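Order as written gives the chain letters A, B and C; numbering starts at 1 within each chain.
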Amino acid sequence: MSGLVFDSIEKKFGDFTAVHETSLTIPNGKFVCLLGPSGCGKTTLLRMIAGLEDPTHGRILLEGNDVTRIPTHQRDFGMVFQNLALFPHLTVGENIAYPLRIRGGSKADCFKAVKRLLELVQLPDMADRPVAKLSGGQRQRVAIARALALEPKLFLLDEPLSALDAKLRESMQIELKQLQQKLGITTIVVTHDQREAMTMADLVVVMSQGKVHQVAPPVEIYRKPKDAFVADFIGMTNLITGRVNGADQIAVAGGVLLADDVPASGDVTISVRPENIRLAKDDGANSAGILTGTVSYIRDLGASIEFYLDVSGQQITAITTPSDRPDVTAGDRVSVSFPREACVVLGDA
Amino acid sequence: MDDMKKGISRRSVLAGIAGGSAVAMAGITGFPGILKAQEKSLKIGAYGGYFKDSFDKHIFPEFTKATGIAVESIAQPTGEAWLVQLEQAARAGQAPADVSMISQVSMLRGSAAGIWAKLDPAKMPNVANVIPAFINKYDDGSVCGVGAVTWYITLVSNSDVIGEAPTSWAELWKPEREGQLGLLALVTNSFLLDVTAKTYFGGQEILDTEEGILKVMDKLAELKDNVQLWYRDEAQFEQALKSGEIPMGQYYHDVAGLAAADGYPVRSTFPKEGGINDSGSWAVSKASEKLDLAHVFIDFMSQPEIQALLSRKVGTSPTIPRAKTGLTDAEFASVSSEIEPIIPRYDMYQQRADWLSQKWTELIVG
Amino acid sequence: MKLKPQKFADYATIAFPAGMLTVFFVIPFGIMIAVSFFQRVQGAFYEPAFVFENYARFLTGFFGGILGFSIGLAALVAVVSVVLAFPFTYILTRMSRQAQVVWLVFLLSVLSLSEVLIGFGWSTLLSRTAGITNLLVSLGIMDKPMSLSPGFGAVMTGMVYQTFPYTVLVLYPALSRLDPSLVEAARTLGSGPVRSFANVVVPALRNSIVSTLIMVFVFALGCYLLPQLLGKPSHWTLSVLITDQAIYQSNMPFAAAMAVFLVLVSLSLVAISLLYGKKEHAA
């Protein structure tokens, strides 16, 4: 089997289960983000790939080979640590050349490799600087260059951008993605920032409380969240509970909504993204997919406008662009339409 | 364990240093002026450890019973450390102890510095008992110290390892003793110069000149390979002697006798050249304000029956003629010998102190 | 209003250690320097004077040799202690909290042993009659028990035993502050555990190691009982001779001169190594 495979991996620290039994395949050449709130087990999963933690049970396979018990220093995976872990006693060049020197690389080879890698991360002529004299962004790049020095089969990054300010972070995200595309290397990034994941990833693995909730491309994660946790964690959403009332109908407070993939019976939760909800002045008409509510508050952010609605006692948020802004004010009765394709029926978390 | 304690602390340097600092503290906080107002009492220094314990148990209570003078006994170190403290305290007008037991070299040194109070023999009738050699005098003839006790340093051996008791100090030079000896490490407490002079140079007269002393040292250098341990601390050697680790050497006759009595294979022999006879004297610090009580104490200690008591209970040899003590032959043999002793050349140790210590250190360290 | 008491508090916090330093170090050291120039009166004590003869006497080949040996011994003890204690402390800091507490309490209790106890303990352990060689004989490793004390090995063993817990406690804070991800990074880059220890942990803590070496060196230089108890006379250090002069010969001026010289030599060694360390750091 090609790529990186987790086969029933589980990790316990004493009584605490950091990662519940997980099976997962990461195809070659993909940029994967492990996304979740802190303490969800994503870093533990990454450290198990690197060999820094031993799985309690299960196997990790790379290109069909079991690597579970191979010591870290024989795995040849590049890793960037959250605090970067640059060696303070070495210069930039010596840091980058470290893995090459360990393997007995000649001075000339190391020099060439350092030059090439520094160009790759856009820090030419920095080789002789002490690490302490670098800015945050520069340190970031040095850590990346060092991790890539061995041309590793896997490139692992643990919250690599968390120490940078917001603006620098955004540009580094794009740069990192471009670098990965250029090198075609399988890359796994741990992050708690969903924007970061959406920006960079080919595939997002959403985790919480040691469990994987969904593995899918970012857009699919957004549009078709599998459960309430994913829907809520990724972007803003409205979660509406109801009861199946027919092949494509769900009875909710104040009316009926239409949706696809509705189960045969029972209580369900529907996720509706705020930007998909349409508002109009209440004209008294009432049909499936349209409910009636009251505007409680309007928040105009310039680029978008948020409407906070009370629909039969349930709080609903809708977002429109300025050009689509309906002519309503706080206190107005409005009709709220939920397009069929916008209503996603969620599975159990 | 009990013997260990005795061994460690009797004339021990280590306990001495600790004791010395305690005394220094007492000197600071003792407020002699306040003590004066209280009933008659006397601060008496004795070598910390076994000596002091024995005095506290057997001697001082007798003194208090006989005279009504309370005794505050103070653990003092041997060697010069105590002398230095007495001297420093005297400069400040204080006396850490009124009466102290002082070694002979220290007595001479203290006399040179004039730190001893002059004693009046007329106030101490019993001092007439004391053998004149054990009376210390200033150059002007006035008495500054009275012999308290004497002891012997003899040739000791482990009877399990050394089958036959050695009979001469020359035994130390025999090639088969290589790595088997324990000797005292300092020129001023081993008295090995006197031993060598008496054994190989026909007497201590050769020690009159530097030239002669160097000859003696050359002879002494010949036994260096035989010495496994140069000890400053008695317990170090005692332990090794008892176990047979270091089966021969020089040691204190009385402590060796105690070890033998406890069943250890240790024997003490008076060599034919004689055991080393060293002694301690009672001396009073010039800074003491209780010279009268001190006279009473020294007089008391010079009584024949008290000297006998010391021999029986503390294990020391008397400073008065044996005939006056009433000790039995067995009792006397356990603390002394009829063989003429080697009496150290204290004058040499005092007058050539720095030169001797330098040469000695070069001899054993080099 | 707020600044004033703050300033006062600042002064107070400095004043206390400064006062302690003056009372317990500067004044005694000043007295010692003064005494080192006093006139020795042979057969008695000493007199205030200003003479150089105490230093002149000391500046001979004999004392030079002993000074050299003392410095060499202290340096060797420092190196051996740090070489042993550094990996030990590294492993210690990676143990569970509970195990660390147990070890630290144990080390502190060793530290509380006096030099006398350590000296007697080791002289027994290294003796022919009751020592560890008997164990080796019963295991068939040696033919017959032998005496390992007194000797240079015994002095080294005793002194390293004494300085080891001290060394561990000095290294402990630096090593427990060491970022564990440095070692993990080295491992992901291809260094095995031993190699990453050697080429990341050690160099990253170079400054702590140098300062620990200096502290143990100074500590060992002042050691005067163990060389006496466990060594032959040729292993006696300058500190032993100082003790002899001060306590047995009551030659305070000469003892003070030697002590002043010893302090100056060790201070200059410390200064040299600090300067060297700084240069290296700047390079």
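Rule of thumb we're sticking to: contacts are C-beta pairs under 8 Å (C-beta built on N, C-alpha and C of every residue); 3 or more make two chains touch, one makes a residue touch a chain.
Since we're looking at a predicted model, the values are computed, not measured.
Undergrad: With centres defined as the mean of C-alpha atoms, identify the chain lying farthest from chain B.
TA: Checked the centroid distances; the maximum from chain B is A.
Undergrad: Just the chain pair, please, that has the highest number of C-beta contacts.
TA: Result: the chain pair B-C has the most contacts.
Undergrad: Please compute the C-alpha centroid of chain A, do the same for chain C, then give the distance between them in whole Å.
TA: 55
Undergrad: On a C-alpha centroid basis, what's the spacing between chain B and chain C, in Å?
TA: Whole-Å distance between the two chain centres: 35.
Undergrad: Quick check: how many Å separate the C-alpha centres of chain A and chain B?
TA: 88
Undergrad: Where in chain C do residues touch two or more of the other chains?
TA: Where chain C is concerned, no single residue meets two or more other chains.
Undergrad: Over in the complex, which chain C residues touch chain A? Could you list them?
TA: The touching residues are 179, 181-182, 184-192, 195-196, 199-200, 203-204, 206.
Undergrad: If we count contacts the way the header does, which residues on chain B are in touch with chain C in the complex?
TA: Interface residues on the chain B side: 13-14, 17, 77, 79-81, 83-84, 87, 108-109, 112-113, 179, 185-186, 188-189, 228-230, 232-233, 235-236, 239-240, 243-245, 350-354, 357-358, 361-362, 364-366.
Undergrad: Give the list of chain C residues in touch with chain B in this complex.
TA: Counting only chain C, the residues touching chain B are 40-45, 57, 62, 66, 116, 120, 123-124, 127-130, 147, 150, 225, 228-229, 232-234, 236, 241, 244-252, 254.
Undergrad: Can you list the chain A residues touching chain C in their complex?
TA: Interface residues on chain A, with respect to chain C: 50-52, 71-79, 81-83, 85-90, 98-99, 102-103, 146-147, 149-150, 156.
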